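Going in written order, the chains are labelled A, B, C and D, and every chain counts its residues from 1.
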Amino acid sequence: MDVDVELREVSKHFGAIVAVDRVSLAIRRGEFFSLLGPSGCGKTTTLRMIGGLEFPTAGEILLRGAVVTDLPAYRRATNMVFQHLALFPHLTVFENIAFGLRLRREPPSVIARKVDGVLQLVDLPGYGGREIHQLSGGQKQRVAIARALVNEPAVLLLDEPLGSLDLKLRLAMQTELKALQHRVGTTFIYVTHDQGEALTMSDRIAVMNLGRVEQVATSQEIYARPRTRFVAGFIGEANFLDGRVAHAGPDGVLVAVNGLRVRAEAAPAPAGAAVTVSVRPEHVKLGVAADGAANRWTGRIEEVTFMGAVVRARVALDGGPRLVAELHNDAAAGLAPGAAVAVGWAAGHTVVLAG
Amino acid sequence: MAQAAIPQIVARRGGWRAALRRYAHVPLLTPAVGLTVAVFWVCMAVLVVMSVYPFLAAGTPRLTLAAWQRLLGDPYYWGVVGTTLRLAFVVTALALALGYPAAYAISKIQRPGWALAAYVVLFAPILVSVVVRTYGWLLLLSNTGVVNYLLRAAGLVREPIPLIFNETGIIIAMVHILLPFMVFPILSVVGQVGGDLKEAAMDLGANRWVTFRRVTLPLTAPGVISGCQIVFTLTISAFVTPFLMGGGRVQILSGLIYRDMEAVNLGFASVVALVLLALAVVILAASNVLARRAYRRAEVERA
Amino acid sequence: MRPGRDPVRLALLAFLWLVVAFMLAPIVFTLVFAFSDASYLIFPPPGYSLRWFAKLFEQRALFAAAINSLVVATAATLASLVVGTAAALGLVRYRFFGRELLRTLFLAPLIVPRIAFGVAMLIYAVVLRRFGGLDSLFLAHLMVTLPFAISILTAALVSADRSLEEAAADLGAPPLVTFWKVTLPQIRTGLAVSGFFAFIVSWDQVETSLFLVKTDNMTLPVAMFYYLQRQQDPVIAALSALLIGVAAVGAVIAVLTVNPRDLQRVLSAGGR
Amino acid sequence: MGRRIRRREFLKEGGKAGLGLFALAQLGGATLGLAQEAAAGGAERLTLFVWSGLNLPTVAHEVARFYMQNNPGVTIEVLEGQNFEVYPKMVSARKLTPDRPLVHFGYSNTQFTYQGDIDDMWESLDLRNIPNAANVADAYKRPENRGIGFSIAPVGLIYNPNFVREPPTSWADMWHPRFRGKVTSIKYAWYTNGLVIAARLNGGSERNIDPGFRLWAERANQFVAFANSNVEVRDLIVRGDAHIAAMFGGNALTWKEQGAPIEFVIPREGTIAFPLFLVVVKGVSAQQKRIAEGVINLILSERWLARWAALTYFVPTSTKVVVPPSLRGLAMYSPQETARAIQFDWATIARNETAWRERWDKEVVARMGR
């Protein structure tokens, strides 16, 4: 499989601040790859280094096998869709999109054809003559994408391009972006702090925290098998229980948590190591649903919150730790604060995290 | 791993592209730095040198503080400094008294056409030479000029009242010439004081005066201060207007410079120039302290 | 209360019109005197004639001075725009040691009394053997106009959208092309305003030029100043009338071409 | 979209035009430099200074033209101005670039001629190159021939007959109470502002100037304003802002002839003699000096001195000159008046120039309006 972008031990320091800390990544051709993390985690800096808008303090960046570490943006086969779009207000839609083509001195007929084509692609046919300020937010978005795509970049970089849109439009654009990526087949590197967005669109996700990459994996794997407590907490929600590996064998793992013994299928650490056990709220069953679960205890309901399609309940286990469970609306009938209840989940849903 | 990264940093720092990027500001700034240093700062150095080593004066050139002693040791010259400062303060105060309400009024004009007209009328005079405007005031204020004619025609005075060849004439003309420099900065902040802020204040029960004093005034203080600074600096160094309007009677520092240049007494002229410079620096520094306080207060109010 | 009837507002507007009258008075009466028949200042003029205009056109020295002023002001304006834009870019777009010091270094000429600078400039010019040349005048004026340009253009660049430049670079534009195609259009108003200021400041520079000009090779305001010292006949009024006419045309052009909202933005930023 | 393109083109064209202008300015500077280079070698180019105003520059222009016609290869530029504007710049140039004087030679009034002695500004003239100097009365030759007197401008009092019923008769009228607030003069012009004459009439002299300052300190409010030029004095008198002033007879007569309400009187103490000189500035080359002396010789010739007198009403110093009939009848040009004219000690005045200016400001001007 071809690698389009490769980062080797890339670091970026701003004075004393380490924005990106020894990041290594390999992004495959045609992949929809997301850099996900909270603000300040270094994801945007990483993207800008790939695009040539920032330069690493250390490490190397390769684009299709060639070292581009110090190459400025205008010499790289990447194009970016900026967070605030950065459309040229003094140029029309057509001129905005044609900007890169004109710099490459493409003949006017080719420019016209390509611009028309890309406008079709982003579903804005006939908008070439518009002024930027005449467009709606979503339309500007498409123009920004069109402006980048028309250059047929090796890699398209997207820096939270949907951040400024309202929720509904954002959801629609997510689907559209993903479809677009399928159509053009270009490698997309997408920066976002929105885990839902990342999960929806990405083939693979790199979760970043404090300048470092915590985990790189597919959406499903990141969700089901987070490798660190940060990843588990950042992607979706999770209950965390600190404990120690009591037994680890081919038949499974036992983790001791405050006297409870939690079953899991695998652990990253040998017996005796301190670990954290994580379980997603939607996997925590209450009442009869907990019957037959590998992990099963009793507890007392402390609080119930109605949330529309789901209901959340906070339960204090008899052994001490508290858990949050998320139940479907109809499974929650009869739950009331103070009531004693059975709590349980399958061993396969227990994720054991090192440290 | 960290150890492995360090040699890479060193290696990368040697790259010519990186070096180019690191020093990209140098070619941009070099012309301005070169010009300013080679002309302006050298000139300032020349002034200092001339003030203690007046090699253009008659007699043997030698290092001497005589010119400094002559100026600083003589109460008469302190009087001239006093007149210079007094004129500058009066002109600044009057310009503020005229400029602030004018700027405020412009911001209140609702029809854009009229606002534009007011803008143009207030600012167009800076397109007309200082010499021409001073001449215009000579026409208006001299004994046989327009104002005295009207006063006499109206029977208000029998003898023309002396409006030129004294400080009155200088002040009137200077206020006229410098008013745009006061209105500019005030107008730019008055425009920013949003109506909603004032409405909020009114909503909270403040009457109009209190609103003005507690909201508008502090918020426009930065504009007022920068306007006053500009007008003050321009007044203390003004020469043409005081020279033509003063009839050789009003003694200020710039006039001394001119006198000593005529008498080829460059050493003393340099001393006076440096004193003028020192006055400007001191007054501006003091007002900057005020400005910083005003900014801080404005920030607090805005927050 | 309806705004139209608000007494405070009416008083303010009345005051504004008084200030406007004050601003216009000397200019209007200069025009009146330009057509006066008398050879010295007297009001009302005993009669009206065009003879001062006729006499004005005989004053070749004044026209030579006007040409000098035009050349020097144009050169100083262009130079301060070019040098000032570069310097402002350096100050705004880069972080480096001594940046604040440089800014102070650049803006210092604004507070130095111009007549003091003129004294120093005379010595400077004579030492460099450029006394009386337009080149030393140009340098002197540039020192006065450059700080204006740098402060206004710095403000314009700060408010210009940096990401547009990045976008251009990302789309393949080398730095100079980016500057030309993206940065420049964004700071257009700043350029216009600082160019305008620089021109006016240079065109109307007396104090700095006073000691630098040769008596037979002056700039216009200095020539007028010396003319007024020698003689206060309405030739200067006639010349003023011409200049006021040019200024009026300039004002109209400025009003028609500059976007007032941009202007306000640049000016308010520049006032800081 | 059309608008955009137009604007961009406009910007482009504007840029081109701007560059063109800049190049032009550069070119201007270059030609200026070239002209200066040319002056250094090959053809000679000299600057002749002359006072501006009235008919004062006419003879200088005529002589320069005449000389150039007869001496191809020599260019004489006439620089018009006032001594007080040009002299400081001449001194600066002399001190800083001794071999390149700003002005090579020219007319110089009494005050600046003596000031120039102190500043070491003047070349000694070689009278062998100026045969016409033989006709100049000895009183107007200078020590070491540093310049030569060619004319005298007697100073008397002028007044505006529309405002003054009783004409002034004495220099003392300048400080007489009846002219309080109605006197004007050029500032620091010791020959017209009454300082020296007041000292002399009150027991002092140029060397003992205190009586003059004492008197003017008390009478500071005699002055309404100080003028910057002769013409400004005229305007102040004509408008009635001032009623009397000390002034050159030649100027007064010219103005009266032009219709100004101005009368000239000779005070009973006599006129103040104000000789006018021709000087060559140090720093000229030997060849330039010879040219300058040639031109000075022309100015001193009967033809041009007579022309000078006719144009300016000023009295030539040459014994041979035929004074025009219009002048012969005037009292101030009579030999008797010339003989009894008050002669100032100009060397002393020049030595005290800076100190007196300062004292005048401090002791007189500062008291005005009090």
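Convention: a contact is a pair of C-beta atoms (placed from the backbone, for glycine too) under 8 Å apart; a residue touches a chain by one contact, two chains touch by 3 or more.
This one's a predicted model, so the numbers in the text were calculated from it and none came from an experiment.
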Per mean C-alpha coordinates, the chain lying farthest from chain A is D
Going by the contact definition up top, give me the pair of chains with the most C-beta pairs touching. B-C
Chain C and chain D: spacing of chain centres that average the CA atoms, whole Å: 35
Geometric centre distance via CA averages, chain C-chain B, whole Å: 15
Averaging over Cα atoms per chain, report the distance between chain A and chain C in Å. 56
For chain C, residue numbers touching 2 or more other chains are 41-42, 122-123, 185, 211, 229, 232
Which parts of chain D, given as residue numbers and ranges, touch two or more other chains? 88, 92, 96, 228, 239
Among chain B residues, those touching two or more other chains are 56, 142, 144, 261, 266
Using the touch definition up top, name the residues of chain D that touch chain B in the complex. 84, 87-88, 91-92, 95-96, 118-119, 187-188, 223-228, 239-241, 353-354, 357, 361-362, 365-366, 368-369
Residue positions on chain B within touch of chain C in the complex are 24-29, 31-33, 35-37, 39-44, 46-47, 50, 56, 98-99, 101-102, 104-106, 108-110, 116, 118-133, 135-140, 142, 144-146, 149, 173, 176, 179, 184-185, 187-189, 191-192, 208, 222-223, 226, 233, 236-240, 244, 254, 257-258, 261, 266, 269-270, 272-274, 276-277, 280-281, 284
Tell me, which parts of chain C touch chain A in their complex? 161, 163-164, 166-175, 177-178, 181-182, 185-186
Parts of chain B lying in touch with chain D, wherever the complex brings them together: 55-56, 58, 74, 76, 79, 142-144, 164-166, 243, 247-249, 251, 256, 259-266, 268
Chain A contact footprint on chain B (complex, rising order): 1-2, 4-6, 8-9, 12, 15, 17-18, 21
